[in-house]
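The structure under discussion is supplied below as structure tokens; questions concerning it will follow.
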């Protein structure tokens, strides 16, 4: 049975990301959420970002959360995964994903990329939008897990 | 393990469709290719379209081909499938698929829609383009299975 | 104060159309919903389409519903309207609207075109999608006004 | 020096088409405007469409107008042309052209496809829009050559 | 009667921005142009950007120009505005606006977002393009108000 | 006969860029590849970027490579060029190019902009993607000229 990797920045994880993770976990044997290291800087550290997603996945036994640097397809190979999973929210995102899918296919033809469309209620939620409105003082509870909402409040207090 | 449905017109099936079917069959337990009936008219009859795809899937034991009318999600339920699979070739197709995914989610929340990006070599191949260039006398061998290329030649002779 | 015209096919009116109409009616002095005649054929007759929208607007005193043929800008002039209002659901729709806005501006520079983005819950609802799923037997209650859901059921019984 | 083919329906030719033709004629040795036959029906006959474009090109000695059926690349070969030229007005058109370019490249690798962006003043003018507003009685003078405006007036009188 | 807010960076204001402001001012009782503070850096200071737009609106009595930081919907509430107005120039901009409209709706359901399509002659003018070509020495008179063209010349002298 | 300019960052040149250059060189009398100076920083210096492209064009006598700063249309005038050539890979790129084409037309109406669609095999290759995967240790041989692959390996060793 197939193992899936869900790579991303998750800076921070949103309810939209969690929705994608749960939908994937139902369809595949095992899901590895892969938090990419961001040497160019991020709002939350790699450890925090892994921790946030791990807490949100508590109770889902076939899901693990890890961090990685380097090529996503290399991580997938290390995890014996045959699928990369990504969510798409909009046309501009679609084009970026298309390019990445073609590049990944070239680098690792044995690994598939599959896509979920964002759920309606998460359509307008992205990590960058969350950072932006939280910075301006908006309470993002209900858009992110409660422990992430807390962390954002502290960060921008 | 998850069962997948791959619905479409397949008028006729192209190498791009077959690529999506094979990639799906590798990831899921069973794949049902579902050829939609087209009362509004099609180049090939429903029986021919089912036959074309069936021949192309010969030897792949976890793939079956059927026809259907009515809602795709109803077919998925009848087949105990938890996933609808579709290929996307371009931005305009993406938008149509997005709408359909949202509508299907509303009609059957327990069924997921997942998407593959078209492979590079099939990017420009669609059923309608194949019909168009075959009608103008172009030999579409290498773009469709050979038995379909034959059928198109006869059709437009 | 400004008078607005909201032109469309409304074949049939959906909850998405009604949402746009109500949002417009709050912002402008008077709203004229303008149902375009479709000599090329429609699921519901012009009279039915006007009647459906009129019933849905009952109680909103600054909204009237009418039918028209010919150029939208001519209707706007007859109604002393200074604004054409349209909803947009997606990128492909955006492009069509852009072209129409530019053409209308050229034909009647004194009339403005303004756009609302579709609300989240109506994002995937269009007249054509409603016709399609109703035809396949799906109950579209909650996607259209109840009297329209009834009419669709009778139509496809 | 390179010979260019500019294929299209031109039903009818607009000022936007003429702009593309003149820009092409300046850059290449010879331009063949190729009016495609439309067995599926058109507002103006093939002969009329050729005639309209021919009149508009009067005085430009390196431009000829012809009609054709079949594959565009076959016409290009017959004319010893090395370039197919097309105008693009918008994103949706871009995608269609991209697909056609890839298909044409596959059918005739020795022939290039090149694209002009529509000029600002012709951005919203297409053959179908012209037919639509002329049918509704709008005077399209300044959007099409004067002899075409005349023909449209007669057609819809 | 409705009060409108037109938020933006306006770094610097262009003729396209002014066009949107004037079209809005005609349709609504009062227009508040809201220049967002940019702590992350801008070519012109907040005071300069407010001053540029104020000069351009001289003589339009129902238009005022202010600066703000924080959420746009909070500003709208302070100004008792019921409409946020934005111009759209292209598909990519459309998607960003769509997301923002959905987010703003969630944060302040009583405030509407409405959109104008850019006029033809301003289609290719954005603040960033103006900065880019002015920096390279191009005289942007006719693309921005004359006092802004002056300021740009001085800035890059 | 027409002279063409192909401007870009080429940081570094890819097989996709070279494909566009060769296709252009076949159609026009002379091609000037114009490497833009990037004071804001680049992976390779202007001299390196010019050198990379020059080596790749060895043997093509009607192609020269130069660097420039300032407006592209000014360079075109200095080179007596009548055409700017660009490749397009996707919808988002198309929009940026459209804007630039309109701006360039306004700044230099006598200079045309023409576009090639990316070839299928180069569709997913951009300078930024090459930099990204090379930095992560992927061998980009076959995506860029061999001397560029070498330089990237040294750079990220």
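Should a chain be cited, it is by its letter among A, B, C, D, E and F, assigned in written order, with residues numbered from 1 in that chain.
We take it that a contact is a pair of C-beta atoms (placed from the backbone, for glycine too) under 8 Å apart; a residue touches a chain by one contact, two chains touch by 3 or more.
Here the structure is a predicted model, which means the values were calculated and not measured.
Residue numbering shows that subunit C and subunit E use the same positions for more than half of their mutual interface.
Listed options C-E, A-F or D-F contain a single repeat of the A-E interface, assigned here to A-F, on the basis that more than half of the contact pairs agree by residue number. Two chain pairs are in question, D-E and B-D; the one with more C-beta pairs in contact is B-D. Across the assembly, the mean Cα position most removed from that of subunit C is the one of F.
Look at where the CA atoms of subunit A average out and do the same for subunit B: the two points lie 30 Å apart. The geometric centre of subunit B is 39 Å away from that of subunit F, both derived from CA atoms.
The distance from the centre of subunit E to the centre of subunit F, with each centre set as the mean of the Cα atoms, comes to 34 Å. Contact with two or more other chains is made by residues 91-92, 95, 98, 102, 120, 123-124 of subunit F.
Checking each pair of chains for touch leaves A-B, A-C, A-E, A-F, B-C, B-D, B-F, C-D, C-E, D-E, D-F, E-F. Of all residues in subunit C, those touching subunit A in their complex are 91, 120-121, 123-124. Subunit D makes touch with subunit B in their complex at residues 69-71, 91-92, 95, 98-100, 102-103, 106-107. Taken together, the subunit E residues at the contact with subunit C in this complex read 1-2, 23, 26-29, 82-83, 88, 91, 94-95, 97-98, 101-102, 105, 112-117, 119-120. The touching residues of subunit C, when paired with subunit B in their complex, are 90-92, 123-124, 126, 129, 133, 136-138.
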